[in-house]
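All remarks here apply to the structure that follows.
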Amino acid sequence: MAFNIIRAARAVLQVTDLDAARGFYVDALGFVETESDGEHLYLRGLEERHHHCLVLQKGNKPGALVLSYKVYSEVDLEALARFFEEKGFKTKWLEKGSQHAMGRAFRVQDVSGIPLEFFVEMKTVDRLLQRYDLYKGARMQRIDHFNCMVPDVEKAYQFYVNELGFACSEYTVTENERIWAAWLHRKPTVHDVAFMNGDGPRLHHVGFWVSEPMSIIHTCDMLASLGYTQAIERGPGRHGLSNAFFLYLRDPDGNRVELYTGDYLTSDPDFQPIRWDLDDPRRQTLWGHKAPDSWFTEATSFLDGTGLSIPVHPPTLERRKPENIL
Amino acid sequence: MAFNIIRAARAVLQVTDLDAARGFYVDALGFVETESDGEHLYLRGLEERHHHCLVLQKGNKPGALVLSYKVYSEVDLEALARFFEEKGFKTKWLEKGSQHAMGRAFRVQDVSGIPLEFFVEMKTVDRLLQRYDLYKGARMQRIDHFNCMVPDVEKAYQFYVNELGFACSEYTVTENERIWAAWLHRKPTVHDVAFMNGDGPRLHHVGFWVSEPMSIIHTCDMLASLGYTQAIERGPGRHGLSNAFFLYLRDPDGNRVELYTGDYLTSDPDFQPIRWDLDDPRRQTLWGHKAPDSWFTEATSFLDGTGLSIPVHPPTLERRKPENIL
Amino acid sequence: MAFNIIRAARAVLQVTDLDAARGFYVDALGFVETESDGEHLYLRGLEERHHHCLVLQKGNKPGALVLSYKVYSEVDLEALARFFEEKGFKTKWLEKGSQHAMGRAFRVQDVSGIPLEFFVEMKTVDRLLQRYDLYKGARMQRIDHFNCMVPDVEKAYQFYVNELGFACSEYTVTENERIWAAWLHRKPTVHDVAFMNGDGPRLHHVGFWVSEPMSIIHTCDMLASLGYTQAIERGPGRHGLSNAFFLYLRDPDGNRVELYTGDYLTSDPDFQPIRWDLDDPRRQTLWGHKAPDSWFTEATSFLDGTGLSIPVHPPTLERRKPENIL
Amino acid sequence: MAFNIIRAARAVLQVTDLDAARGFYVDALGFVETESDGEHLYLRGLEERHHHCLVLQKGNKPGALVLSYKVYSEVDLEALARFFEEKGFKTKWLEKGSQHAMGRAFRVQDVSGIPLEFFVEMKTVDRLLQRYDLYKGARMQRIDHFNCMVPDVEKAYQFYVNELGFACSEYTVTENERIWAAWLHRKPTVHDVAFMNGDGPRLHHVGFWVSEPMSIIHTCDMLASLGYTQAIERGPGRHGLSNAFFLYLRDPDGNRVELYTGDYLTSDPDFQPIRWDLDDPRRQTLWGHKAPDSWFTEATSFLDGTGLSIPVHPPTLERRKPENIL
């Protein structure tokens, strides 16, 4: 169980227009707005007790500021910070209160350069799971996972699995048996984080869980009614990989979010990761329209503490887009 | 085609508290409030262009004021009025403008004493079918049918089928082959009106059509969240008769409405009405909990033009409640 | 009501391999196989009492043999035949028994050259609406409509509306106010037949009605599991026009079928047809992926009585494919 | 993490007629029959890789033979056995191969007298999650939880939480703040096991997870079509407690199973168990019909190794059925 990381817990994204973001995330998708100020929107899903799972922070360009994981205890948190430091990673502690609604946390860039954050405590608020009168749009339930493009998936895989204690549920290999993409989890679902071969590090999307497929169909209808038809980038469809019934959206700044349902339980220690060939046509899309090029090439830059984009590197594996995909 | 009656088109119900009615019908069930004044709420479903399909009129007690049918043309309307008059029924014309948003209409009490209204023209408004952003609660689509308890179902059946040109889709007989209940239609669905043996004439319920079963499940969740759990009288379940996936609700005044989906097409002239034995356990409830006694005994009185209750008579067939129902 | 045509009732398609057709229509889509012989499959939906709504007839190439409409009575049928003859159309009577399970019928090519058939009587069989244990795949309920490409939509429109008594629910116009496509109905749904501008006459698709959207999602899953992923040509998505939640499939011979739900009631004589501009992006697709070129260009040839393809003519309106569609 | 118990993994029930059981569980509910012999049916859900999650064993009366939990490793398994032995519980090891498809396991009666089994290894088989062509009935996905009536819920609660390392998600208290029922989990869902105050130990039901609500509606339709209407004891409805959309069924021997969807994530260590008052009407039933008496009084006896019923004791808390429940 290594460092007792519990789960993917929040993302902090930069957006250029908070009102536009509110229109999309709150009015159309149905996120709960826990709180906001002139610089931030703090959003959560209907079943969540954490103060937020998504922070939208006003800035001069889109970007991803940090991906945060919840850890079991303060003891684990310190052990994890020590681990990073001993490995030569530079950690930075943010004391309780320095981030709204958050206990203390430390930040670190992982082996791929992705800015991570680990914390134990977040302010809790009322769960709205049974306030069905407040359900609207996608009836968003909770954050589920992060998906990142990285230049070296195998390096990321080794670090998360061997060092941080993640388990692999599914993975994709090239014809040379190199890992092209991997789905890794701490909570017993398909993933808390996935890595795909590509220019990186970049955030491909944040995935949010909805409780049944009709929520996704209604989301499409809602988006069309509200003038957001162009926000639908891909789907609805079914991934072979993960079995997810999915919908990919681009927010007004181009950040990508996935609505996701159809996962399965991965609790068992003798679970055998599912292997997919990169060119298996059912891998990407069990059924559904061909993904547009943008889905393979566009992603959100990570920003460092000063607001600058973290440098992006080309991938180590040559092939960047599967052939023969549907 | 007889008198070219098109369909069940609106009901006018009396309620004692318009704010309470709005809370139930608009906020919880998702009817569209086309218009209101201090005495009336005019409601419609999301796909309807008619100004309203349900008028809730303030009064000192609950009651049903009139059931209205739309007729093809003014020529048909006049022919229908003449028909009633020649048969000795007393008709009363209401000129255009005397009822809000309505063209001229005539009223008449049918063979069971039910106050009916026939009209051609109603003001039309925008259809909101594709305003998915306005969908809530039951996502109510349109009025579907009336269900009345009458003392002599066979008399009502003969009049509607032989004189008014309705067709029968399904019916229930006693062990002596007497018609205990009948489902009659003009539009090619299961019914525009149904008659059941019982103390009458009384309005058992007005049925509204929703487009898919999950709308009914979500309605239950919504009602529970808003404190209306007691409003759920029966269901969700499936009727053998009509194949409807149903939910019966009581409004704050006790008037009963049905949410209804799962109907079938009855357009064909060689359609053979489906015969059910009264004690066939699948007739009432293909599956679902036993209906409470209130569902068999309680109904809304019809009111005459002066606001008095139209007299209720005991039924001609002895048995008032099926045995062995689930 | 003109000639009392009731509804679109059956299509007869030619396929090259009956076993392949059975695998697709019966095993995957869930049509009920009423009967078959070495040359024909007779299929129906779960709610249908007619012996069939789709005949698949073995032949040496794909093609559409006839589109059949049910008529109210033999008197109407004869009047309709006389009407065609007086207009100079060549009719051909097929006596009862000459087509399996069919009463007498006459055939005629309409103004666009489409082979039509009109009949009153078809053998009836058990309705399986409440045999939920037999539901599978798309849980196909009933035939809904035909969609044809014709060279002159306005000519077809005038003939069906002014001569045959169809009503228009929705239509599309070019920037010059020419009718580019029209949706026409006899039963009070959006359509029994639609015409689109294009090389024709050709059959674009036969539409079948399913009762709720999850049937369409499950169909996609089923098709993927059974190796029919390539059969999904377009969708799932929502048309602005008709409000249908749709899925377009190509059968093993390339004939196109639509699964269709989300329609609305068009019973009212004062219903105003809905007008769409050809380049309104929401017309074709309220949401959903861009239709592939094949959807605009490929269609099934009609066959004449000798098995030869009925000649196809280029359309009168220049523009064959909407711009700016999603 | 105590003894690293992973999750509720299988139940072994005794039934009197294997063919009747197959008709119910396989044909109607859609369990996958992994294997069977003259004495056993081995069933699993569509997403499961374990050889089975439910064994139906032929016997002369209904009964529950054992509830099995999967444990992380053989080291944990031995530590757990030692723990029980040191506490004075009598354990019995069953070597690998002595139970079909199972690795070694040990059995023990818990503090309430419930026969438990712990194991690490079970034979794995193909997962059928993406074989949508095999989906039928309830489209059963996986085992979720056990629910047991015990005479002393607080004793069971203390043992499972303080000794075995379960966490509590929700619980019900009497007006004297005594625990009347508790929902406990190892995997991060609402429960792996629940205990309710009553004559016990008895098995109230085994809960199975389905992926979306329409599966439950279709199950009701299927059961009605196949003549199992009487098998529906309670539901569909929504529990306030756990937020489950539920359906309770009785198998041909009277054993109770629950179809269950609508759960939430309970991964966080700072999750605060949800407290319900016993007489809160929303606790049992957020909405849905009143549970029948049988649901509160009837349950399945546990059987000991010799096939005798394990003695049942009256509960320590006086009140056995909530008042004011819906």
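Every chain is named by a letter (A, B, C and D) in the order it is written, and numbering of its residues begins at 1.
The working rule: contacts are C-beta pairs under 8 Å (C-beta built on N, C-alpha and C of every residue); 3 or more make two chains touch, one makes a residue touch a chain.
The model shown is predicted, which means the values in this text are computed figures rather than measured ones.
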> What is the set of chains touching both chain C and chain D?
Replying inline: A, B
>> On a CA-centroid basis, which chain has its centre farthest from chain A's?
In response: B
> Which whole number of Å gives the spacing of the CA centres of chain B and chain D?
Replying inline: 44
> Can you give the whole-Å distance between the Cα centres of chain B and chain C?
Replying inline: 33
>> Can you list every residue of chain B that touches 2 or more other chains, as numbers and ranges?
In response: 130, 212-214, 221, 224, 286
>> So in the complex, the part of chain A that touches chain B is made up of which residues?
In response: 28, 130-136, 212, 214, 218, 221-222, 224-226
> What does chain C use to touch chain B in their complex?
Replying inline: 1, 6-7, 47, 49-50, 70, 72-73, 121, 124, 129-130, 141-142, 187-188, 211-214, 240, 243, 261-262, 264-265, 267-272, 286
>> Per the contact definition, I'd like the list of chain A residues that touch chain C in the complex.
In response: 213-214, 217, 220-221, 223-224, 229, 232, 234, 236-238, 245, 281-282, 286-289, 326
